[in-house]
Each structure stands twice: as C-alpha cells, then as structure tokens.
Amino acid sequence: MKKSDISTIIGLVLGFLVIIAGMIWGQASIIGAITTFYDLASIFVTIFGSFFAVMISVPMSALKNLPKAIRNAFFEKMISPAQIINIFVELSKKARKEGLLSLEDEVANLDDPFLKSGIQMVVDGIEPEIIREILELEITEMEKRHQSAITVLRVWAGMAPAFGMIGTLIGLILMLKNLQDQSSLGPNMAVALITSFYGAVLANFIFNPLATKLESKSGDEVGLKEMMLEGILAIQSGVNPRIVEDKLKAFLPPEERLKMLQENVGKGAVVNE
Amino acid sequence: MKKSDISTIIGLVLGFLVIIAGMIWGQASIIGAITTFYDLASIFVTIFGSFFAVMISVPMSALKNLPKAIRNAFFEKMISPAQIINIFVELSKKARKEGLLSLEDEVANLDDPFLKSGIQMVVDGIEPEIIREILELEITEMEKRHQSAITVLRVWAGMAPAFGMIGTLIGLILMLKNLQDQSSLGPNMAVALITSFYGAVLANFIFNPLATKLESKSGDEVGLKEMMLEGILAIQSGVNPRIVEDKLKAFLPPEERLKMLQENVGKGAVVNE
Amino acid sequence: MKKSDISTIIGLVLGFLVIIAGMIWGQASIIGAITTFYDLASIFVTIFGSFFAVMISVPMSALKNLPKAIRNAFFEKMISPAQIINIFVELSKKARKEGLLSLEDEVANLDDPFLKSGIQMVVDGIEPEIIREILELEITEMEKRHQSAITVLRVWAGMAPAFGMIGTLIGLILMLKNLQDQSSLGPNMAVALITSFYGAVLANFIFNPLATKLESKSGDEVGLKEMMLEGILAIQSGVNPRIVEDKLKAFLPPEERLKMLQENVGKGAVVNE
Amino acid sequence: MKKSDISTIIGLVLGFLVIIAGMIWGQASIIGAITTFYDLASIFVTIFGSFFAVMISVPMSALKNLPKAIRNAFFEKMISPAQIINIFVELSKKARKEGLLSLEDEVANLDDPFLKSGIQMVVDGIEPEIIREILELEITEMEKRHQSAITVLRVWAGMAPAFGMIGTLIGLILMLKNLQDQSSLGPNMAVALITSFYGAVLANFIFNPLATKLESKSGDEVGLKEMMLEGILAIQSGVNPRIVEDKLKAFLPPEERLKMLQENVGKGAVVNE
Amino acid sequence: MKKSDISTIIGLVLGFLVIIAGMIWGQASIIGAITTFYDLASIFVTIFGSFFAVMISVPMSALKNLPKAIRNAFFEKMISPAQIINIFVELSKKARKEGLLSLEDEVANLDDPFLKSGIQMVVDGIEPEIIREILELEITEMEKRHQSAITVLRVWAGMAPAFGMIGTLIGLILMLKNLQDQSSLGPNMAVALITSFYGAVLANFIFNPLATKLESKSGDEVGLKEMMLEGILAIQSGVNPRIVEDKLKAFLPPEERLKMLQENVGKGAVVNE
C-alpha cells in the first residue's frame, strides 16, 4: 500500500474548508451562502470551456495519462533511499552466497514494480545491456509522462481564469442588455462574477499547485529509479555487497550522506593516522 | 485520405457549444440571447483590427502559409512509426530480391508525398547525397513553415485581446459622451464589452490552443520525416532488411521501443546464456 | 526606386480605417463621433509623455536613427537572392573576360549602395582584407542601428499604455474632485479614458507591430549583405563564375535552394549512373 | 551573538508604520480606522488559503525549514572576510609553532559552528579528503535549504494576491446577491476589498522582499563558507601562514582586495625597480 | 567639469511639464488643479512604503551607492574614444622621448580619475602586473556598483505601483466604510486614486527609465576604462606610439572604426598594388 502525501491532502482539505469558511462567515443562512456560489452554467463555461481549450492545445495521449499522473501528487514514494540501500545490500549478500537464481524468492516480497521487474530479469538471465536499455527506457518514459501531465496542468491553469473572464463578460453583457429589471441587477452581476471566482480557484488552488508538486516529485522519482537501476546491475555483475552500498550512497541527497559520514567520523572509522 | 485529429475537433465543437450554452442558459429568448452577442462593428474592430496589426508585424509570406499550417492542427499523422518500419522492411526486402527498379510499382501505393518522392528518386537513380540534400531541405522548409505559422498565431493571440480592449474603450468613450439617454446606457455598455469578449475568445479558445497544438505536432512530424529519410537512404544503399529495421527503431518513441524490447524478452530472444 | 512593403502599408491603412469605422459605426454624427476621440491634452500626456520617458531611457543616438530605421519597415528589399546570384555571375564573367577595371562601367547601374561601394573598391584596387573589414563593419553597424531602433520601439510600446493609464488617473482624479456638476460626469470620464485608448492603439497598432516587422527584416537584410560581401570578394579573387554561383547558393533560403535542386533533378543533371 | 540586519528590520518596522499611517491619516477615530482593516474571515481566506495552496505546491520538508531560513534575513553574517583571514593567519601560526593539537584550545573561542566543526575535525586527525567531503556537503545542504525557502516564498508571493482576489470575489458575490439593504452596500464592499489589501501587502511587503534578501544573502554565505573550507584544509596541510593569507585573499570581494592592494602600493611594497 | 546627458535632463524636464500640463489643462483654477494632486499621506504610502520594501529586499550597501550611481544617468562620459586615442598617442610620444618620469607633469592635466591614477602608478614605477590587477579590480568594482544600483531601481520600479495599489485599496476601504456623507464620496475616491497615480509615475517616468539608461551607460563606461587600461600598460611597456594607436582602435565602436578606415581608403593609403 502506498503512503499518502499528507501535505497535498492537508493543503487541499484545509484550503477547501478555508474557502468555504470565507463563503459562510457572517452570513445569516449557511446553506444560502453556499448555494449562492453554485451555478451550473458557470461551471459549464469555466470548467468545461477551459477543458475543451486544453483539448485543442494538447495531444489526446497527454490528456489520457493525466489522471494517473495527478494521483502521484497524492502519494509519497514508498521507499526511502536509505531503505533501497538496505534492500540491495541484502539482495547482493544472498546472491553472492546462494547464486542469482535464489533471488526468485525475494521478487514476491518487493513492492516497487520497477525493482521487481528488474530483479526478475536478472533471475531470468537477460543480458545486462538489455536490462539497462529496458530500465532506462522505462525511466525516460516515466519522465515524459510526468512532463506531459505538468504541461497539461500549466495550460489548464492559464485557461481557467481566461474562461472565467469569458463567462463574466457573457454574464455582464446579458445583464446590461436587460437593465429594465433593476432588482435583478445585483444577483445577475453576482452570477457573472461566479465564473471568475471558479477560474481563480481552479488555477490557483488546483492546477498550479498540483503542477508545482508534480515537478518536484518527478525529479525525486527519477533519482530513485536510477539508484535502483545501478543496484540491479551491480547485483547481476556479482560485486561485493560493500561496493554495492558505496555505489548507491552516491545517489543519496546531501543531508543523508552527511549524516552517514558524520556517524562514521563519530565512530573513529576515518581518522587520519 | 487523412485521419482527423479528434481532440482538436471535439475541443472546438464542444467548447463552442459550451460558450453558446453559457450565452442562452436561463435566458427567456434563445435567439435574443445569441443575437445579443452579434455586433458587426465589434467583429470589425476585434477580428479585422487585430488581423491588420498582425499584417504589420509579420512578412506577407508568413500570412500566406497560415491556412495550410492551421489545417495540420486538424489532422493526425497518417502513418505511425511502427507502420513506417513495416513499410521499409517490406520495401527493402523487395529491393534486395528484385532490384531497386522494382520499387517503381510500390510508389503508387504510398500515401505520404515525402516518402513517395524519396522512393521515386531512388528508382530514378539520383545520387544519394543529392537525395539527402533535397529531403533534408524539404524537412527544414516544412519546419520553417510550421514555425512561421506558430509565430503568426502567437502574435495574433496577443493582438486579439488588445483590440478587444481598444474596441471596449471606443464603446465606453462614445457612451460616456452621450449620457443624456439613460435608458440606452446598459445596452451601449454591453456592446462596448462585446469586443473584449470576442478578443478573449479568439485568443484563449482559438489562437493560443492552435499554436500549442501545432508546436507539438511540428516536432512529431519532423521526427517522422527524419525516420523516412534514413529508411530511404538505407534501401538505396542495399543493406539487409534486418539492419533497416534496427536503424529505424532508434527513432521510435520510448514507450514503443520498450514494448518491442519486452516482447523480445518475453520470447526469450535476448536471454543471457 | 525602392519597392514598398505592401503588408505594412495595407495593415496600417486598413487597420486605421477599421479603428475609425469602429468609432463612427451607428453614430448619428460622423464628424461628432470622430472629434469625440480628439483631445489635445490627452495627446500631450500619452504621446509626448511616453516619448520623454523613452528619451530618459535610451541614448540620444538611438533616438536619432529611429526615423531612418522605421522607414525600413515600409520597404521590401530591392533585390531578391536569386537576382543577386545573377548579378554576380554576370559581373564575374565580365571581370574574367575584360579585367576588374571593366566593372567601373557597371557600378553606375547598380542600385544597392552597399554593392556599389564594394564593387567600386574592387575597381579601385583596395586590398581584399581591407574590403572585407570595411564591408563587415558596415554590416555590424547596420545591425546595431536596427537593434537600437527595435529597442526604442519596444521601450515605447511599454511606456505608451503606462502613460495612457497615468493620463486616465489624472482625468479620473480631477473628475472625482469636482463632482458637483453631475451632467459633466460622463464627458469628463470619456476624456479620462481617451488617454488609455491612445496608449493602447500606439502600443498594439504602431510600436509593437513595427518592432516585430523590423526584427524579421533585419535578419533578412544582414543575410543579403553577407551574400553580397562573399560575391564581391569572389569576383576580386578572379574565380570561375560557376564557383561564384555555387558559393552564393549556400546563402539561399531553403525553399529556393530546394526549387533549384529539383529543377536540376528534373533535367537529369545529377542522376546516379 | 548574531548581529541584526538593520536594513531588513528598519524596512519592516518603518514600512509597517507607513502603512498604518496611511490607514489612520485624516480619520476622525484612530482606533476605528485601524479596526476597519481587521477582518478575521479575510485573514483566514488570504493568509491561510494561500498557505494551504503553498502546502499543495511544495514538499513538507521545504515548509519545515522555512522559519529557520527566514531568520537568516534578519541577521548579518557574524564574521567579515577580512576577519576570517585574520583568524586563519593566527590559527596557522599557532599550528606551525605548537602543532595541530594545540588548536583544541581555540575551538571554544570560535563563534561560527561551521568553522568550529572543521577545526575540531582537524584536531581529531580526520583525513583531509573526508573533511573536504563533509564540509562541501554541509555547504551544498545549506544552499539547497536556502533555495527551497526562497522557492516557498516566491510561490507564496504569487498565491497571496490570488487568494486576495478570490476573497474579494467571494465578498462581491455575497454582497451583490443581497442588495436589499442599500446601507450595508459600502461596508460590505469594503470588507470584500480587505482580502485584496492583505494579499497585496503580504506579497509586496513580506514575501517578495524577504525572498530577494535571502537570495543575495545565500550567495554571500556560500562564499564565506568556501573561504573557511580552504582555510581549514590549508592549516591541516601545514603551509606557511603567509600562503594561507594569499589563498584566502582570492575570496575577498573586489573592493576589499582593491583596498589591500592600494595600501601595499602606498607603502611602496610593490614598486618596480 | 562633466558634460550633462541632455536626453536624460530634457526627458525629465519636458516629461514633467507634460504631466503637469495634463493636470491643469482646461481646469478653471491652475493652483487648485495642481494641489488636487498633492496629498501627503499618499506620498508617504507610495514613496516611503515602496522604499522600505526595497530596503527589506536589498543589502544596505546597495542602497548607499544608489545616489552616486543615479548621478551617472545625468552625465555624458567626458572623453570620447577618439580623444582617448589622441591622449595616449601624445603621452606615449612624450614617454619615448623624455622617459616615463616626464609624465608626472601630465597627470595634473588629466580629468579622468581612473586615467590619472593609472598614469601616476606608471610614474611611481609600480610593477605592470600590479597596475593591471588594481585597474581591473577598479573596473569590476565599478561594474558591480552599477549593477547593484540597476537592481535597486528595478525592484523599486516593481514596488512603486504595488504600493500605489495598496494605498488605493486603503483609501477605498476607508471610503466605503463611511458612505454616510455622499458629498465626500468623489473627493475621497480621488484621494484613493492619487497613490496609484504616484506609483505609475514613479515606476514609468523615474525608476524604469533611469535603470534602462544606466544599463546602456554601464556598458559604455566599462569599454572606455578597458581602453584606458590597455593604453596605460602600452605606455609603460614603452612601445611605439603607432602601435599604441592601433591597439586602442580595436576598442572603437564600429561606426568610428569604419569612418577611420574609409578616410584611409580615400587617401589611397591601403590601395592594392
């Protein structure tokens, strides 16, 4: 089971509550305050209008992989770099003692599909260049998929306020053409502004924040997969578990490498004699 | 016959319906609601005004090839990279067995004019450097044509809201100078806002989305043509069909190369022994 | 005589008519409608105000060469690349047959001052390195002059709407301070908006389009001059007219080189034997 | 004790007073004027709403190190480059005379934790490559921490006015829906504008200025730490104090190196004979 | 005495008059029209508010050298490149004839402090590498000082309209809270807009134009100083005055080198024989 990215979820839930709170604060009727902001035509123009403009802008395939990519923004990566090092040290020890075929038993215990398929290929005796090519293509493909989703979100974040404004202009024009009924002036103008409100919320609370989160996650995930790729090939080549560990440490983020080194210094392991 | 790009077409048709729906939603008279948004003077100022500003901005030749370039946004590339590989494998087999002249019969069956003219030149015995030069110039020329159309669309996308605002300012100034007739105030202001509405729709629903779509299509098409160029020259040089296939696979997008490799692995073709 | 750039001129004339049409459309009094938009104080604030801000921003020399550079936007280059090739082939034939001094007669027939001075220097027996240095400096100098004019136009295009807004703020503040006379409210506000209108038209219909046009023209003209420079030096070195032609063809834009090559292929000139 | 960055503190205090002065200037009731600008719902929507959008945008770790990074904007670096040179000259003299172990006594006198831990490692006899690796990782880690804080501030500076506008739209829509009570129109609209006011102040007075200050400080601090790193390694290698001084002078900003050189020239030290 | 930069001064004086003219044009009372735009609280919020935000943004040292850097925008460089060449040719002739010490008499006649200190160092017999290092550091230091001033002006140009808007929001909120007195509505709103007016004028008429002017001046001045540096070192090395001249000509802007070359060609000096 994947671990949730609590900052995305807390941000969405509490941010949504704050916006709702702003709507009902000091209003006599809470239900009335909320329904004030519900307008089906406005939803149509802002959300669907901007969606169709996005559809003209990007290829169909980019739209299709959007939901899967967005889901990434809600989950943390399952394995930490330090855990990956441990897994590979264990796997390489076993492989050295009992042979590569013995890893077959371990494959079932691995959670990460990338890691799983890599070790399976090692067990199956696929040539190392082929394994590297397949895994590198999987990484490139994943990166391209992330990037195309980020582009869709950024284009949408630009289109949503634009269609909010288009909706507001439609509302204002209709209202101004029919000024006879002075009493409906206020409510009509309120409806006209609702599309601008929808557009601003969609762009600034949904699309842009998700795109920014996906951008930082994409970089992290690529780094993790590259670390796994090196580990898989190191195991196949049968090197010493200690060397596997050293190789993978080069992929650690600075603060974790720093912690490891300082611990070693503390233990007196690297003292100048 | 070319295959339509359904996302462009669906986006345009449904987006247009959504905007229309926003105009007539909740209005007593549907026809009245729609005609409210038709104003010939506003069309003049927004569409033609911005068009003439574009005309000052770009060279005549860029305007001339615009319609042809825009048509690209509505069609998918006819042939997939996988199909191209198949075509070239077949052609190279035939060429090896029956000689280059035998390809003459195949030329008529080819849909793509670039591919057609390339194979025709091979049949005609043109020297390979000349074929490469001609085909590379055709690719550069195509890319330059795409780019000039994208530039025109982006300039226009910037000009349309600017002329929308110019039109709204003209309308407001005329209205404010003649305030005696209070009853015409609303309708006059509605008309003033119509140019802003036109400008926003043109930029955000037409010009910018089309430019973004053309940008992604241009890259795809250049890649496809480069793949064909390599295939044509490989056939002419008379290499083994197997090598033709390998050469062209390097042009496949990552997900397709991945699929092919995984199929091979599944068949046990590349197992380490 | 120079050939006009019809797209700049048509764009300016028709665009101006469209803006005028927007002003008088549906107005009872045409003269009244037009004079509504004439306000001397607004012209002062928008045009002169932004001009003086430009004057603070750029060095005096950049302002001085602006009119000459703008004139470029209204003219096509006199000679096409194909014509230049023809001229140089003719000149080099004559020089080979009758000697470099015989070119003196041709100088008078040449329209382009750059070409004229270059050939004159050849006739005068100036050393080739000196000719190259002088002509290259003339090209650099021309490019710098173009670029400084484009910068002035872009700075002005940014300043014009800013001073339009400054004028509108001045008008609004004066109007709001003297609200006693309700009947003058509308006309006063109209006047306040006129500066915004001027600013928007200047930036979007004049300065930005001209800067964009000058940018594309500058690149073309530099290419043309570089072609001439190579031709002049080739003639001086006395090489074969055929080689002069080949050298200059490398400067042709892709579509023209393509056409030439395809014609040669059509004639069977480059067939593989 | 750290020295305060007076420009940040003066700017914040006086800027805050100026904004408060703008609120109460010419108002009959000072308390009334200030409470006019206090609206709990607006604080919720603008500050918390934008905060939660930031939370969706960035990883949790970036948020966690924000307070520590912001604190940097309020303090000057403790040690000037010239002081660092003096410290290292003294340390290297002592190390040459009494041995590296004698530096143990000096460690307690050092204020900077980076310098302290570096000299401690030298005293402890850690190998130079390990010291370099640890200190370089600490510098990289510090830079990454600064950068992530700057990113959070810039994202927030973009979100604050956006949520200010969202709050204003909420307020306007609620107000327009309930126009019956004409007397509450003004105050309601005032409340609607308060969120825009909060958003503008947060972005332009807090988040953007702090991000800009942190950017310039980050560069300074990295330079200082790199200077210390070189000094620590030079001491360990036991080179001449004079050479330590020369090495570190290369890190001085131009104006200080210039001053030093001019003093030397004044003393006649580098006269050409 | 320094020569004024007339375009900066004319731009500021006439631009200021144009803005004043826009304020009093068509107003009954000229004094009344001008005092309408004077509001002490608005000056506080816009000018001081944005200044304190700048103070938070940049280091104290950048603020301190701002006035000196701004003064540069009002003066032309004293010496033209051609004059510098003449000065160095004269100096090098004298140095060759009467020895380097004889230049002592000339130092007093030199206006430029950079040139003065350079020649003085030559007279004092400072080693050439030291002279080069000192003068290069002075150039770098000058460039850094210019750049920091440009950054302050650009940050301020962004802050001024932001604080103009903050002031307008404060004014509007106060006005809307106290709508009882309908007659003060107009004047109050006028005052609210005055801060926007100040912000727009400061950014578009003062800060941005000055920053743009300083940018172009900084490049010119660096070029001039580098020319002097080469000249000073050439004199010290005792080379031929003719070679000094040739060396310095390489620093001339293209149009001046072109003029010199064309004059030489006119005199028949470089004719091919």
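Letters A, B, C, D and E mark the chains in the order given here, with residues in each chain numbered from 1 onward.
Methods note: a residue touches a chain if its C-beta (ideal position, glycine included) is under 8 Å from a C-beta of that chain, and two chains touch if they have at least 3 such contacts.
Keep in mind that what you see is a predicted model, and the values were worked out from it rather than measured.
> If we look at chain A and chain C, which chains touch each of them?
Chains in contact with chain A as well as chain C: B.
> Go ahead and note the Å separation of the Cα centroids belonging to chain C and chain D.
Averaging C-alpha atoms per chain gives centres 48 Å apart.
> State, to the nearest whole Å, the distance from the C-alpha centre of chain B to the C-alpha centre of chain C.
Distance between chain centres: 30 Å.
> Quick check: what residues of chain B touch more than one other chain, meaning two or more?
Nothing qualifies.
> Indicate which of the five shapes (line, ring, star, complete, other) describes how the chains touch one another.
If you draw each chain as a dot and join those that touch, you get a single closed ring.
> Take chain B as the starting point, go toward chain C, and spell out the full loop of chains.
The cyclic sequence of chains is B, C, E, D, A, beginning at chain B and stepping to chain C.
> For chain A, which residues count as touching chain D in their complex?
By the definition above, chain A touches chain D via 6-8, 10-12, 14-15, 18-19, 21-23, 25-27, 33, 36-37, 73, 185-187, 189-190, 193-194, 196-197, 200-201, 203-205, 208-210, 212-213, 216-217, 254-255, 257-258, 261-262, 265, 270-273.
> Which positions of chain B touch chain C when the two form their complex?
By the definition above, chain B touches chain C via 40-42, 44-45, 48-49, 52-60, 63, 121, 124-128, 130, 133-134, 137-138, 140-141, 144, 155, 159, 162-163, 165-167, 169-170, 172-179.
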